[in-house]
Amino acid sequence: MDTSSEKVMDLKTAVARFVPDGAHISIGGFTCNRNPMAAVYEIIRQRKTGLHLYAHSNGQGVDELVGAGCVARVEIAYAGTGRFAPTCIRFRKAVENGTIAVEDYSNYQMTLRFLAGAMGVPFLPTRSALGTDIIRRWGFSEALRRSNPRLPNEKLVVMDNPFGGWAETDRVVLVPAIRPDVTLLHVQKAGRDGTARIEGLTFADVEQAKAARHVIVTCEDLADAGELRAHPHLNQLPGILLDAVVHVPHGAYPTACYRYYDYDPAFLNDYRTAATDDERYTRYLRDWIFEPSDHREQHARIPEGRLAAIQADPHTGYAKGLKR
Amino acid sequence: MPGYNARELMAIAAARKINDGEIVFCGTGISMLAAMAAKHICAPNSIIIFETGAIDSQLEEIPMAVGDSRVMLGASSNSGLADSFALMQNRTTGRHVVGILGAAQIDLFGNLNSTVVGDYDRPSVRFAGSGGAADVASFVDRTLIFMQHERRKFVSNVDYLTSPGWLDGPDGRRKAGLPGNGPAAVISNLAVMGFDDATREMFLEAYFPGVTPQAVLDNMEFTVDLSRARELEPPTERELRILREIVDPQRLILGG
Amino acid sequence: MDTSSEKVMDLKTAVARFVPDGAHISIGGFTCNRNPMAAVYEIIRQRKTGLHLYAHSNGQGVDELVGAGCVARVEIAYAGTGRFAPTCIRFRKAVENGTIAVEDYSNYQMTLRFLAGAMGVPFLPTRSALGTDIIRRWGFSEALRRSNPRLPNEKLVVMDNPFGGWAETDRVVLVPAIRPDVTLLHVQKAGRDGTARIEGLTFADVEQAKAARHVIVTCEDLADAGELRAHPHLNQLPGILLDAVVHVPHGAYPTACYRYYDYDPAFLNDYRTAATDDERYTRYLRDWIFEPSDHREQHARIPEGRLAAIQADPHTGYAKGLKR
Amino acid sequence: MPGYNARELMAIAAARKINDGEIVFCGTGISMLAAMAAKHICAPNSIIIFETGAIDSQLEEIPMAVGDSRVMLGASSNSGLADSFALMQNRTTGRHVVGILGAAQIDLFGNLNSTVVGDYDRPSVRFAGSGGAADVASFVDRTLIFMQHERRKFVSNVDYLTSPGWLDGPDGRRKAGLPGNGPAAVISNLAVMGFDDATREMFLEAYFPGVTPQAVLDNMEFTVDLSRARELEPPTERELRILREIVDPQRLILGG
């Protein structure tokens, strides 16, 4: 958080300042929608390593961070990008090769963990996954948990209802709070003061931002704060929560941004092809991420007509009839 | 070979099992076809919800993922994951939800694995993981499961129990502290399986036209009761037209 | 909840159907803002008794329900209407005369109790009020709690953090979930299908509605569902949650409704005067609530010019320069 | 008698204690005057929040209650109670919040009663109750308390402990499991009181012009250390102009 009224900076500065090696981070969006991809690519470009990543179903951004070798550990519910990658390919390789440590939760459990962090409580209760291996099996060893103060000692705690059978409930599972060092989001509109507005589904972006010590937001439109403050109930994040506002049009590409553009099926299909082969993936990283010095240079490499094809229709918020 | 493929039949078989007025929790792929088809076939007042927070979506195009902007269209409200799962965990609303799920492995009691094949600590195959599946399977009163009917998928013991079915039998969920019920049915590319009210064990309810009960058993590691098995009514012209012309004209999920 | 697509009915029917004597209810709004007053007056007009009322700081509506003798028990954080009544007068009389039973919580605790009901969990944790009499003193006796299945056995439960010192927390207090039989709200816009949109602060309305078995919403505008569904992220309540939608312009009067009208200071000052004297209050109930047969007849009694004076200014959402 | 009344001096004394960059939690009445005045006097980058969910409100008219639509004007975001209290309980943001509270009774350690006078089960006087006061007093790192300076209000033992101050002394909050700190200061119509860093007991920090330290003691049930007491600097012309012309020109709170 930051109570000052001027948060605008460039992406290089924001990532360099708030995403050190080994940072505990979370990214917004869901599968192929509103991932903060420009920020993800900048993290990769700055060759960050040893990141601890918290995800529910954050999809494409997760696979690219893992694929580029930035991630040491991930706590996650779902690593997929819908039909484009039922299981994220670089994530799958990394787990099968044992190059990253994984802890499995469910989507609601991860959402509640961010919410607990946002609320400032150590845990929240749910009835999700009682009787399953999500509770029985730990991906992080007890030794790792006890040696690392950034991890709770228990993955989950099952507890009898202290209010007897109140609310027809005998037992709950408590999920531990998450406090990321930084959460990175891409939103439709933000003001210089940090006031941020998301249109359409918010996924768990709001909980992820409020749980974090620092928040970096990239936005399609750098809006006038006065315009955003004329309808404060449409703003999900008050300015004080943000540390950095970065104006990055198409900052979610190749994932979608509701009412602005759709996901790019051609890119995501090409990505799948590249991801299945290590050599091709190395070329992909070089050509698409490392060679371009920034978002602008990177997007200059998008083939002619691609962005026009995914332009959102104003009524539906997506590209109607897009070839998928 | 009749004039329809297995996917079409699976989608229609599942759609027929959705009751009018139910709240249908949708995953990706074929489950969306079933939910969309049900609104036209048998459940005009059913409502489609997604874990991403879209409630009562008016789908015009098939979403490629539950995070696809297409799920937001014409919804009664769009919020986020927290609200969507709370609606399912809340007993007033959750009781009316039917969840449609899929998995890599399923056992006799309908427990699902969508996490790993092999040892969890060093898996031979890693899948996407639970996503919202374990949540839905824990909370709601009815689930329908889509499966590819293969021996390595209908297993005696799942390698990892991601989403709770009936756990170890009739009393399993209560003992574990779970609300709601386990699966109501499994729809595969060969058959429809139910779960016995007393034992909560899977049984063969109906085999697809042209498929024998024995062929169903041959593709499972465990055996199921065949005594109640009948042949599934083939899809009607109307059902097929709805599926092909209204639900998935681009054949994005139905395939070529 | 109700999955049908037609929820519109009149207020008499809605209250008669969903608010039986002895019902556990909650009302929306906060102090002098967006209380569902038309619904409150209809409950009084139908002479409901023995109600169990859950409130955070619901203000004017609480005092009128208590003053009219509809309420047997109240679980509440704050009974005041701002400067118009730092302590609600009829509430104060009822407590001092022992005619209602009261259980005290804090505003956040009551909010979390509604949220727990909405989430379908038996409790939620917080650090609020540790070490205070809110935790030590019970307004409802243990005997009452054990004899009434609609009440949890414990007012609150203090628990050590099962995750050790995780999130710098040694101890939390667990607040029990609330499941009202019915929650009554007044909102700016609702559709026939039950889709409801609140403008401005939502207070705890959304949690209160989602916690309840039934929901009655009165609205300023009966909007076209298609218009509301064109921007679903602006709708806080999906249609399936509502059982009744009632079109009641000025349904929050004499409390405020953001962007529609302000609270009526003249009414609230007259109310204070009436409330301080039992005879005057009896006349107030007769003239303002019992004699008029419905909201329309009641509002015909509002002195000339009053509604014009509190008309909201479109820019600020309240009546600028209102004589207060 | 100088050209200002006690309320004006109280509002200014409190405003002077708000640090630039702080998040100011506001109740009703005089606490709003202090928060609004501080923005013009000493804390231009302070931010006003309300428990009702308004964050960084740009107040143009004095709200009569924290639920008044006036608190919504020009805010960075307007949501609800859940978000506002979470912001205070969350240690990243809560650490920057200064809460301004009032009460019917206060004790030596700054514990507050805003619930009842007499026995809780059959009170002689019933007040509104905690509202958000117990929450704020539990969560935030600094609180400022407004009190009317009367013997029956500065009591040896509060009849009901609604909002935690320093509880029973230096270690009280930690033992109870509370984050944050107890009150930083009490501002009455006679004086400003601080709390000793070691003992957490109230002491007289400054008495209002024209008031003697003994007069302060005469209006309390308990005694406080007077050794650090000085006379409060009277309000400046500028402070008074801000309060009267910018903050409360209608004198809704300042009175006639």
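Chains here go by letter, A, B, C and D, matching the order in which they are written, and residues are numbered from 1 within each.
One rule holds in what follows: a residue touches a chain if its C-beta (ideal position, glycine included) is under 8 Å from a C-beta of that chain, and two chains touch if they have at least 3 such contacts.
As the structure is a prediction and not an experimental result, all values here were calculated from the model.
K.L.:
Between chain B and chain D, which partner chains are common?
P.N.:
Joint contacts, listed by label: A, C.
K.L.:
Counting C-beta pairs in contact, which chain pair has more, A-D or C-D?
P.N.:
C-D
K.L.:
Based on mean C-alpha positions, I'd like to know which chain lies farthest from chain B.
P.N.:
D
K.L.:
Using mean CA coordinates as chain centres, what's the gap between chain A and chain D in Å?
P.N.:
40
K.L.:
From the C-alpha centre of chain A to that of chain C, how far is it in Å?
P.N.:
Taking the mean C-alpha position of each chain, the two centres sit 37 Å apart.
K.L.:
Using the average of all C-alpha atoms in each chain as its centre, how far is it in Å between chain A and chain B?
P.N.:
One centre to the other, that is 28 Å.
K.L.:
Which positions in chain D touch two or more other chains at once?
P.N.:
Correct list: 54, 72, 78-79, 89, 91, 139, 179.
K.L.:
Listing for chain A: what residues touch at least two other chains?
P.N.:
Expected reply: 117, 119-121, 126-127, 169, 172, 179, 200-202, 233.
K.L.:
Does the chain-touch network form a line, ring, star, complete graph or other?
P.N.:
Contact pattern: none of line, ring, star or complete.
K.L.:
Between which chains does touch occur?
P.N.:
Every pair of chains in contact is listed here: A-B, A-C, A-D, B-C, C-D.
K.L.:
Mind listing the chain A positions that touch chain B in their complex?
P.N.:
Residues 29-33, 56-57, 59, 76-84, 86-88, 91-92, 95-96, 98, 104-109, 111-112, 115, 126-134, 136-137, 139, 158, 168-172, 200-207, 256, 258, 262-263, 265, 312, 316-318, 320-321, 324.
K.L.:
Please give the residue numbers of chain C that touch chain B in the complex, ascending.
P.N.:
Those residues of chain C that touch chain B are 1, 3-5, 117-121, 179, 193-195, 210, 212-213, 226, 228-230, 232-233, 235-241.
K.L.:
Going by the contact rule set out above, which residues of chain B touch chain C in the complex?
P.N.:
Contacts found on chain B: 21-23, 45-47, 54-56, 58, 72, 74-79, 86-87, 89-94, 96, 139, 179.
K.L.:
Mind listing the chain D positions that touch chain C in their complex?
P.N.:
Within the complex, chain D touches chain C at residues 28-29, 51-54, 60-61, 63-73, 78-82, 85, 89, 91, 115, 120-135, 138-139, 160-164, 167, 172-173, 175-179, 250, 252.
K.L.:
Can you list the residues on chain C that touch chain A in the complex?
P.N.:
Touch list, chain C to chain A: 116-117, 119-127, 152-154, 157, 159, 161-164, 166-167, 169, 172, 174, 176-177, 179, 198-202, 232-234.
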